[in-house]
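Here come two complexes built around chain A, the first alongside chain B, the second alongside chain C.
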Partner chain A sequence: MADSVTRTRTDLSSVTQDGVGTSPRRPDGTLKVTGEFAYSSDMWMEDMLWGMTLRSPHPHARIHGIDTTEALKLPGVHAVLTHEDVPGEKLYGLELRDQPVLAFDKVRYKGEAVAVVAADHPETARRALDRITVDYEVLEPVSDGRRAAFDEHCPRVHEEGSLPVHEEYNQKGNLVRYQPVRTGSFADGTPVSRLRAQAGAVVRTEYEVGMQDQAFLGPESGMAVPAEDGGVDLYVATQWLHVDQGQIAPALGLPDEKVRLTLAGVGGAFGAREDLSMQIHACMLALRTGRPVKVVYNREESFVGHVHRHPAKMRFEHGARSDGTLLYATLEIILDGGAYASSTPAVVGVASSLGIGPYEVPNVAVDAYGVYTNNPPCGAMRGFGAVQACFGYESQMDKLAEKLGMHPVELRIKNAMAQGSKIITGQVVDMPLPMAEMLRRARDMPMPPARDELPDPSDLRTLPGGVANTSHGEGVVRGVGYGVGLKNICYSEGFDDYSTARVRMEAIGGEPSVMVHTAAAEVGQGLVTIKGQIARTELGVERVTVHPSDTRVGSAGSSSASRQSYMTGGAVKLACEAVRERVFALARERGLVGAGHSDELLSLTGGKVVSETDGVLASLADLLGSDAVEETREFHHRTTRPLDPLHGQGASHTQFAMCVHRAVVDVDVDLGLVKVVALDAVQDVGKVLHPQQLAGQIQGGATQGLGLALMEEIQVEESVIRNPSFTDYLIPTILDTPPMRIEVLERPDPNAPYGLRGAGEPPTLSSTPAIVAAVRDATGRDLTHAPVRPEDIVGIDV
Partner chain B sequence: MSRISLKVDGVRYDDDVDPRTLLVHHLREHLGKVGTVVGCDTTNCGACTVLMGGKSVKSCTVLAAQADGQEIETVEGLAGKDGSLHPVQQAFHDSHALQCGYCTPGMIMAAVDLLAENPEPTDDEVREGLEGNLCRCTGYQNIVRAVQDAAAVMRAEVPAPRDAGTEPMEGTRGTTSPAAEEVAR
Partner chain C sequence: MEFLSPATWEEALAAKSAHPDAVPIMGGTDVMVELNFDQHRPSALLDLTRVAELAEWGPDGSRVRLGAGVSYTTIIQRLGKHAPALAQAARTVASPQIRNRGTVGGNLGGASPAGDSHPPLLAADAVIELASVHGVRHVAAREFYLGPRRTARRDDELIAAVLLPERAGPQHFCKIGTRNAMVIAVASFCVTLDAATRTAGTGIGSAGPTPLRAVAAEEFLTAEFDWQGAGPLSEAAVRHFGELVASAARPIDDVRGSADYRKHALSVMARRALSWSVTDYRKGEAQCA
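Showing the complex of A and B:
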């Protein structure tokens, strides 16, 4: 009611608390510290059944028959389903639909889902799986990525003609995508020998990056509940609700609106929840039995239940002039995508376009291959194709520097990209890229104390091997190394990964309140905090609630590619701006704003409508009364282009981000043990939204890179995973992880909301090569394999 | 089936359990204590850590039958009756010592045990004490900070008896990362 609106000019804006740039506590934090936060594995319904999956014991086999008779006879078993029971489309996939919901005709990797069971107890379900008989004709697996890429006689993992051919990916044989990039004289077909002759230093090396697991702590799980309308409600831990829905609904033969998803508590993701795992299976079982079905993988199953980081085999040659100026580079990158495509095409797109890293090189030839094999499927993991290339190009920079007698930082600065540089696809970096400054800052950060400066150098805890008492300091050598990584932020190559936000403002109990509703997945990164901060800043209201994420609002895109602050942050900002305009209009309707008074001079602050010239015009609570103002907006990033399939040219990326790491290590050169002493970072994030959460992203990302540098590799022999447990697949413990100093730069990107830059992935690129470089510095060893293994350090063949 | 009697978070439960039932499954599936989570099944990750008789154990490695007659404390029993958080819980929340939070129940219980044994740990001692608990999100920096913050609060609340064994080691302090708030611009 207009007459009750106060007009106290002196009562000016109290600044809204907990907005952008501050570090409010995360809204889910209390639930997470009290054990009340409901993870996808914690859901329970009285009449629920347990779903379980029968998986192939062979990496490659023909299926001649599946007999479920004995399983169905077991009391307590309510359904046993095979490919024949898939109601709709029998294939699904993130980018290419090539993966069977349940295997038919063939299995193509060990662990592929063949049948699913619903029973009243997990042990009954497990016994039922034992009673299913599958008649397999075992085939020889395609295990070698290089053979899959180049050997014309290599058997096809997917039979010729069984899948549509994507010309734009240069598909042929087992190639999911082949992406060349040619610049400078390579674009004209000049042979490398001519450039080699002009170089003062040439380094040529073959590198390998092992298959890394995301190793989130909360295994795949969820619950499907059949609905009265013949549809299904799925509560699941995922990274992108709508892309799940878009794959589940066709498989179930249902329209999208009958497959409703709600995000359940997510126990980490890191790319591993981009692809479907139990989603369609649980829905099929729920629809068949008419009862809620819960599926929870155990850790061993989780190792085959999600895709991994592509292992890479890379041949890099770099030539530089005698003064250190890079002259040319040729890169061959083979990424083993395993049995199904998952996001292999996009991973190849990143690895090829960013293969050379953030360096000015006039002549470049990249050949990046993503291949089908019968190995475990690979797809998204934090860093997404850029991690593998980064290990290669940064190792090359160190080798060149050594050959030329330059400091590794000096060589990098000499060839550093900056704003205005072009990457090898021809795309101009039209945003700040203070790489040289970041390198100098990293080099100049304080060094940790030398071993002989420690209060007690004999303290075992300060030594590689720790209290295992492997060394008392003899044979321990210190090394320092640097790493720089360039990562694309948001989806690339013409993909419109928009985000949607619905923002509602109303007065509740006499206080203005805001509700933010998106479908974005909170996977731990803290987006749930950021959404609230943006609403507070934009609407000047402190009481903000974040609605649970579900498919009742439009897509938010994936919680990957470091994109959610940018995209969903951008959508929330946009929806808030629309709400704000409506509020201003309402104030005008009520006669609170003079006719000549421009909106430009109005703002929402401290729960009030404030004029720059006339002070407080109204309290929001009074102005809104019993009305609610609600707006929904989609936010799109700028248009990007596909890479042309011949020369790899095209402005394919939305944004670039960079992190620089300096690692200090102590290496026991006799036993091959490494202790990382310090792992310090400099990162440009454009704008800090939440300092505390940002530090958490940088430290967590760097630690996953530490894992790849020193310990993490899924051992695949003859296409079979040999270490599917945390006993044998090691991830960094608190003792493996050193103190980490962080310097953050804020050089705004004019294209991005608040000028921000995605922050989650860049540290995962740079920490791995920095640590390996430090180990090289300490040992003088070549170290071409990530992770570095003890035998590589000691120099023995095993 | 064996008959067991447990006190969990202050409440007594008498149940028949299969001899092979693990404590964590008993807690989660029979008593509804799903705040204690399962991460690895192989005693590596520590997400399922609870206190048994005041000592931290990984509840995936204890049979329910072994816990007969014991007092079990889970993360769900730590907060006060009025809902006030335990200092370790509060510190994990305040220091952003969690992201996805899946390791948090176990990490908090391990930290509670650690601080009961050593109310004034050095950073190195905190790291040693939590070596058996994996976190995939945070890089552990804020976990060390949270435990130290909680230790300070708890020392202020209860003047702990001090003995030589709990004296901090000289020179091992101050090795945590700079606070997020101190991050250079």
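Showing the complex of A and C:
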């Protein structure tokens, strides 16, 4: 796979074997491929109990009573707990504490946890759930996001006065956050009609993005083990150990230090593990029973066990001068956050600030709404608030280009941002942003062979519908489309999502060895390899061990926002630099370094302290003897600012990243089936740390965007999920996934460690609009809903 | 839940007779999914994996007798010539792992309207062999599907085999899914042209409460097709055939697709499959078979 990456600069590669810029093997790679890797759901203890969750069958209901008597009578049942048994705070939440640990008074979505059971066998636990009686008074659910946003008679999902107040979020009614952005003449209150009159071309369209699931393969699971000190040790698959700890401990009524977390094997995350699922429940059951308690959700339960990507309803209007120069843009975006806030405020912050995309537009009005409904809760997913609007603004660019008779790439280049541009919040892009060049590269990449140039055009696997044999070429039309997206990297709006690393160097068996210890979650992205590579490069030591991630070291922040290479990579680099300084100091103490010799002339290479002028001064093993050098460092990114609640201005983001996609599709226009033929990308990553993993991130991100373009949607009707299984929630298979040519640029960001730029999310933004544009190109259809359904292509109303 | 694991066919029939509500299990690719989803709590499972003869197949006079436990993988590898549409349908079932386990017998036992084997069995006029301690009886596939997940199989019977008539002409199966592999049918269709009996056969999947035939379409094609000279069908005739197939369907709107789309897709698949079949027929495939 790494062979498919074309790099434009290769002069940054490392001198140390398996250092930064190389592709060392993942320690978990073979185990995962052979099925031997221990995921969180594989954990086992001799005396453990099984925890199970009773969930609300209603999207909205009042609870008049919960009777657990019969469940407790069942032999083998060790505990049945409800909200009355929550030892501490009854509410938790990532940004707003609005979600009950176990429901009390009301349930606000179908699948909400109401009670938990621990039993000596999962079947016994299941039977105990059947014996719990809950007296519900069913209420009408709030199912429509638009109504929740604008209808003042709409019932409140959360009772007035029951929520934490955040003035800056413009909260009102069911609005979790309303964030406007006003620039140019919109800032003075000029009506859009004045600008419209000056435009040579205007396009106005409503778009929808469906609710996407992260579709990780390893369901929510973990094991809580009660400890002798009255605390608990929790082994869990999560994205951020410390933010879990910070929510679990108050709910248990324990100090943080008595709730110790260790990362268990994570089977994918993509944002779905940012919020708590079984963590508090397992700990409550373990503390109550004095036994280890394991909880594993099944697949159907998992669909209500984690948050999803916010579905969005969007109204866009763009006006351009006749030469294609953008004059104004307006956007109203309603993001349905479902029953609890989760990360909705931050999603609104991204959706508003990046809602118009990477284009120079002098006059912009954005209104971004995050709302409460009784739909399944939504929160973080790869692309976090930037994916939805990207589908809209890129569709708008194509429509505008068509209206003006321009090539879609030409229109984009004409309005492209670059280093020095300001995004609509007024923040200056103070790092390279070679957007125009990336677009040209994407356009100029070689095209895949036409159907009649294939070695065997009758091979069903090359056709839409695949081996299901729906076409032998009939009705198949090719289309090409482009997409580009702008994504913020790291947390935004004043949040200090620092990371901590502890690095220890010592001689073991006469060989210098390094241990890297962080709390960062390896969720499949490959941080475990990156940490070792950085240590090797910085310390010139080949033997590097990565300590399991746990809360015995400071926070590493979340494995989210494409930030771990930047933040935990940055922390490991800082800690290594501190260790290196101490090693140099040790060398000086031992008289190995001349007095006039500055540290700048010293380096650690090949397990030795080396002077640029005097050559090898000492071997690290000799120098360290039986001493260990250990340093812990925190890495903070530059300070960002909240958006002002009135005009949405403020330098809210840490870093910007971009990917450009060109999609080539074959569409069976009679049946509405699509085969993506090529999905080629150009991405600037600042600096490649691990070429193979980078390719994996770009391919994976693009494929997740492909899913959103063509098949992935949680169908919610009257607030109930209709397709909670991988039988009916479809994700792309290998036959849906085309070859991907990837061109990587390395224009370093001076603010970031090694100049790197977060890489995991940008391809998820750009691939969706590129594919839908290609399908439009093939069919001439409007296609305003992602994912595109066969019905949309053949013109049947859904 | 009891787990019955007979070693022979006789034991299996006796077990089924003693436990008429036992759910037979072979590959487990449907039964285990339903158990996992807690949709069923059968009182007993009747494991048939030890009954060796169920996984056998071979000639039976002019027909082919396909044991109910023959895997889809075997069907793809071995029955492409005898039953091309069934082999094509088998190729669209799930993933290689599931095709190694799943069987036509299981498909018939579950009788989901979306089961991929049903349209080829209907179109080819296959016969289902049912057995109990009281003996063996044969039911035409065309008489087998009675209602939603309800079949002509009696509670004390097990599905022993499928009898496939000797092929005497082209067969084509196609299936719509919203991704290019590993997908349950949104709608599927099968057509057969039988030169020996000079009749056309059809089967429709996932577009009604049971697998269906498009009888009017069969009759139209049987009458319209030039069985002797194999002259081409007019575009209007092909189109009419498609319309008749679509009108035979009784689909609903569900998570996998809308009723209108299913009808539309069936008409397109019917036209295409018919055109491929006529082309094959004209190439003299019927004679070679």
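Observations on the structure shown:
FYI, the second predicted complex is superposed on the first by the 776 of 798 C-alpha atoms of A that agree within 3 Å, B and C clash if a C-alpha of one lies under 4 Å from a C-alpha of the other, contacts with A are read in each partner's own complex, and residues count from 1 in each chain.
By our rule, contacts are C-beta pairs under 8 Å (C-beta built on N, C-alpha and C of every residue); 3 or more make two chains touch, one makes a residue touch a chain.
Predicted model only: the values in this text are computed from it and were never measured.
In the superposition on chain A, A:37 makes contact with chain B only, while chain C stays out of contact range.
Of the two partner chains placed by superposition, only chain C is touched by A:798; chain B is not.
Shared-chain residue A:711: touches chain C; no touch with chain B.
When the two complexes are overlaid, the chain among chain B and chain C that reaches more residues of chain A is B.
When the two structures are aligned on the shared chain, A:89 is found in touch with neither chain B nor chain C.
In the superposition on chain A, A:644 makes contact with neither chain B nor chain C.
Of the two partner chains, chain B and chain C are each touched by A:298. In the superposition on chain A, contact of A:727 is made with both chain B and chain C. The residues of chain A shared by its contacts with chain B and with chain C are 298, 300, 461, 467, 725, 727, 733-735.
Residues of chain C that touch chain A in their complex: 33, 36-38, 88, 91-92, 172-184, 186, 255-258, 260-261, 264-265, 268-269, 272, 276. By the touch rule above, chain A contacts chain B in their complex via residues 23, 25-26, 28-30, 32-39, 41-42, 44, 214-219, 265-270, 298-300, 454-456, 461, 467, 523-526, 688, 691-696, 699-704, 725-727, 731, 733-735, 737, 739-746. On the chain B side of its complex with chain A, the touching residues are 28, 32-42, 44-45, 47, 74-76, 78-79, 85, 89-90, 92-96, 98-105, 108, 124, 127-128, 130-144, 170-172, 175-178, 180-181, 183-185. Of all residues in chain A, those touching chain C in their complex are 126, 298, 300, 461, 464-472, 474-475, 670-673, 675, 710-711, 715, 722-723, 725, 727-728, 730, 732-736, 789-791, 794, 796-798.
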